[in-house]
Amino acid sequence: MIPITTAAPTGAAPSPAPNAPGPAQLLLRALQRDRLAAFGAAIILLVLVLAVFGQWLAPFPEQGMGATNASARNLAPDAAHWLGTDQLGRDVLSRVIMGANPALTISLLVVTAAALIGIPLGALAGYRGGWVDEALMRVTEVFQAFPPLLLAMVTVSILGPSLTNAGIALAVSWWPWYARLVRAEARSLRERPYVEAARAMGIPPALIVGRHILRNCLTPILVQATVDIGSVILAAGSLAFIGLGTQPPLPDWGLMVAEGRGLIFSAWWVSTFPGLAIFLAVLGFNLLGDSLRDLLDPRQVKR
Amino acid sequence: MTQLLSIRDLKVEFSDRGTVTNQPVRGIDLDVSAGEILGLVGETGCGKSLTGLAALGILPRGARRTGQVSITADPAAARDGDNGSVAIVFQNPGTAFNPVFTLGRQLGDVLHRHRRMPGAERKAEVLHHLALVGLPDPKRVYGSYPHQLSGGMLQRAMIAMALLRQPRLLILDEPTTALDVTVARQILILVDELRRKFGFGVLLISHNLGVIRDVCDRVAVLYAGRVIESGTVNQVMDNPRHPYTRGLLDALPAGRNASERLNAIPGTVPGNLLSITGCAFRNRCAYAVADCALIDPVLTAAGPQQSVACIREGEL
Amino acid sequence: MTAVLSLENIVKTFHHRGGAVTAVDDVSLSIEEGTVFGLVGESGSGKSTLARCAMHLMRPTSGRVLFEGNDVGTLGPRALRRMRSRMGIVLQNPVAALNPRMSIGASVAEPLRAHTGLKGTALQSHIDELLEEVGLGSEHADRLPHQLSGGQCQRVGIARALATSPRLVILDEPTSALDVSVQAQILNLLQDLRHRKNLTYLLISHDLDVVRYLSDEVAVMKTGQIIETGPSGRIFTDPQQDYTRTLIAATPGRGLTAAAHAPAAAVASLSGEGTHEEW
């Protein structure tokens, strides 16, 4: 009846972005600006490369896996062995390189498992509230009451020492943090106007949680997960250090630090370089994790 | 009339690593005299809040101001290094106070920074000011935490806090936006009475034309970082000369019913003010002519109490 | 029966650790088809709570909500979902009412996906149509909320509310967060849409001018009760209750020396004659 003559504000500010940059471009742009994040990303890339191509990059791969060389014990770093050899004559560089794979694998698996368990439980508890929430909180509190490493130690002692069991133990200790993180986010997000609008429109709760709640708490989850990968590398290394993780002769940074303990003053390189590897890996994931929050902000898509 | 605040050609620009990205304030001239209330009105993006902050010298990071801002200090108030010039009251009283300290403590701290006095005297002075702003039970408010008080009471307390500094000029940035209408009205009445009593000047920043009409003596209408019309409130509100001012007043639903269409100004405020040539309003103006794209209009007198920035001013 | 929405003796009490608060205290009202019902009140009046009860986003402590003649409280899940498709809502903060990570098109599509079987190109063209109707070009469909202005976001909110061709649209402070000129655009749009589609509106606002402009029937709420109700023309020209008069007099633009008396806990009398008192 009455034609709409209200002026359509199209074309006026904010002017449409001709081609909104894709995520890859955004990431590159952001890394250019944030040096620390770029440094962290570089380290992670290095660890990734070593994890995938380790056995081809290592100069002495069989020693990496444990073959000994009695004639070359405790040699200081030289042209043949850049990082020296350990007490069984094995090339430290090769073992450090090949230690990247188990470290990265186990930490990715642990973080993924913890997230897969914790996120749905946390989302459910946070969105529904009530007794579901209370029940979940009590359960997580039981797990969180233990110092994380202690809980992992107990679990491994029951299951038997191995990298796999260390992984299971760590996943069991880690999931409550994701549950609580998501629960807190869900509780705050459920009050948002767009969630209320979705409820008013009759969107089923499962879709509301998936589409509106989880999608908007992805950022803190990813940030936490990135930093956690570093933390799990450290934790797995700690478990191996006390003999509850990877068993000799397999390469594992934590195990290598333990094996070189007695030689700290005579053959310092045996413990130091694997320790440095742990340090750098954790640093890399931490730096990237810190910067991810800004990188993942939807408002980065320029007007 | 003593002139308290004088702003000439104020510009504020934002830069990101050396490149200027925007210029939200593009040359503003303002004067506030003792005892008068000047209203600064405009919509989102016109630069009114930045102007208020620039007058105080507290711009956000990345912002740079040029131009002249002079605030006349009162020689009699020059004690302890403070010329007691300007105080500002912000929009949201609920978040302006620290939630973990009592109001008495917070007001006392402000007083302590500006005028040294022993504890008991300080408390008495704070209580006196709390009563001055119409709080019926100053002792109770003194001992209360922010969350225990209503929005209206907090706003009064903020005004009291501003008055403790004995300002010659009070800047109010959207003082009533977060309040209910009945409470807001009381605050405006209070401000009006206080300035009559103490003689300070007031710069009232608001997007609400009704508020401006109620309490201001003079008004400056901002658009895209410039003053496009100014004058006494009666003149500007009853006889607006700039097409934008007319458009704003016509767009108000007040006094109309559903059978009349509102005269919405088409289009939106330009986003980036750096690339504007000519008059910033011309794309939305029903009276625009070719020259409007070439000539940058300057605020010129259009009557005894009115100035307009429009090249077609005399004809419309 | 022409009443689209009917609220009968609605009471809503919230229980805290410290006690109970009755936000809505025995409110009844009825909205006829094709009319605009304005609910006015200040903060704490209970108007928002009442609106939430009307939409069945909260259950009233007692009382009935009748939508199109059906008692909403007794509807089964499928009937309830159907009811929701016949009711639209437009919220106060236009940008916050949209999922920041969902494109405009996806936000408008959401109710369509939930209630209709529309898919693919049919869905897309329906979305484009809705966007055109509210004055937005279809090129906006791929953009994110933060890339649009407040007014544009509110248009999206209106498009989304109208997506499933509802009978009743609840407008909760639809223009309070908008500038004057944008507010006028949105009010004009709401008027146009209302006439074109014969919509019924429940308008909740603290802005008397907006309510007066848009509404046919008005109810004034204070501390959980309706203290006055009637045709909007009458309420504003001949208010019967003191509170209504106070509200009208307090509307910005009417001057500070209006006849309405200031409430008791207001400005203490300021002593001091003369124009300039020394600090």
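The letters A, B and C name the chains in turn, as written, and every chain counts its residues from 1.
Going forward, a residue touches a chain if its C-beta (ideal position, glycine included) is under 8 Å from a C-beta of that chain, and two chains touch if they have at least 3 such contacts.
Because the structure is a prediction, the values reported are computed rather than measured.
Participant: What are the two chains with the top count of C-beta contact pairs?
Facilitator: Counting C-beta pairs in contact for each chain pair, the top pair is B-C.
Participant: As a test of understanding: of all chains, whose mean C-alpha position lies farthest from that of chain C?
Facilitator: The chain lying farthest from chain C is A.
Participant: For chain A and chain C, let me know how many angstrom lie between their CA-based centres, rounded off.
Facilitator: Each chain's C-alpha centroid was found; their separation is 46 Å.
Participant: Could you work out how far the Cα centre of chain A sits from that of chain B, in whole Å?
Facilitator: 50
Participant: Round to the nearest whole Å and give the separation of the Cα centres of chain B and chain C.
Facilitator: From the centre of chain B to the centre of chain C is 30 Å.
Participant: Give me the residue numbers in chain C that touch at least two other chains, ranges are fine.
Facilitator: Touching at least two other chains: 149, 151, 185, 188.
Participant: Hey, what residues on chain A touch two or more of the other chains?
Facilitator: 6-7, 9, 13-14, 303
Participant: What positions in chain B touch 2 or more of the other chains?
Facilitator: 264, 268
Participant: Can you tell me which positions in chain C touch chain B when the two form their complex?
Facilitator: Spelled out, the residues of chain C in touch with chain B are 36, 42-43, 149-151, 179-185, 187-188, 191, 206, 208-210, 212-216, 232-233, 246-247, 249-256, 262-263, 265-268, 270, 272, 275-277, 279.
Participant: In their complex, what parts of chain B are in touch with chain C?
Facilitator: Those in contact with chain C are residues 35, 43-44, 77, 131-132, 134-136, 151, 166, 176, 180-182, 184-186, 188-190, 192-194, 196-199, 207-211, 213-215, 247-248, 251-258, 261-265, 268.
Participant: With touch defined as at the start, can you tell me which chain A residues reach chain C in the complex?
Facilitator: These residues of chain A touch chain C: 1-2, 4, 6-10, 13-14, 16-17, 20, 192-194, 196-204, 207, 211-212, 215-216, 298-299, 301, 303.
Participant: In their complex, what parts of chain C are in touch with chain A?
Facilitator: 55, 57, 80-81, 83-85, 87-89, 91-93, 96-102, 107, 110-111, 114-115, 133, 135-137, 139-140, 142-144, 146-149, 151-152, 157, 160, 164, 185, 188-189, 192, 195-196
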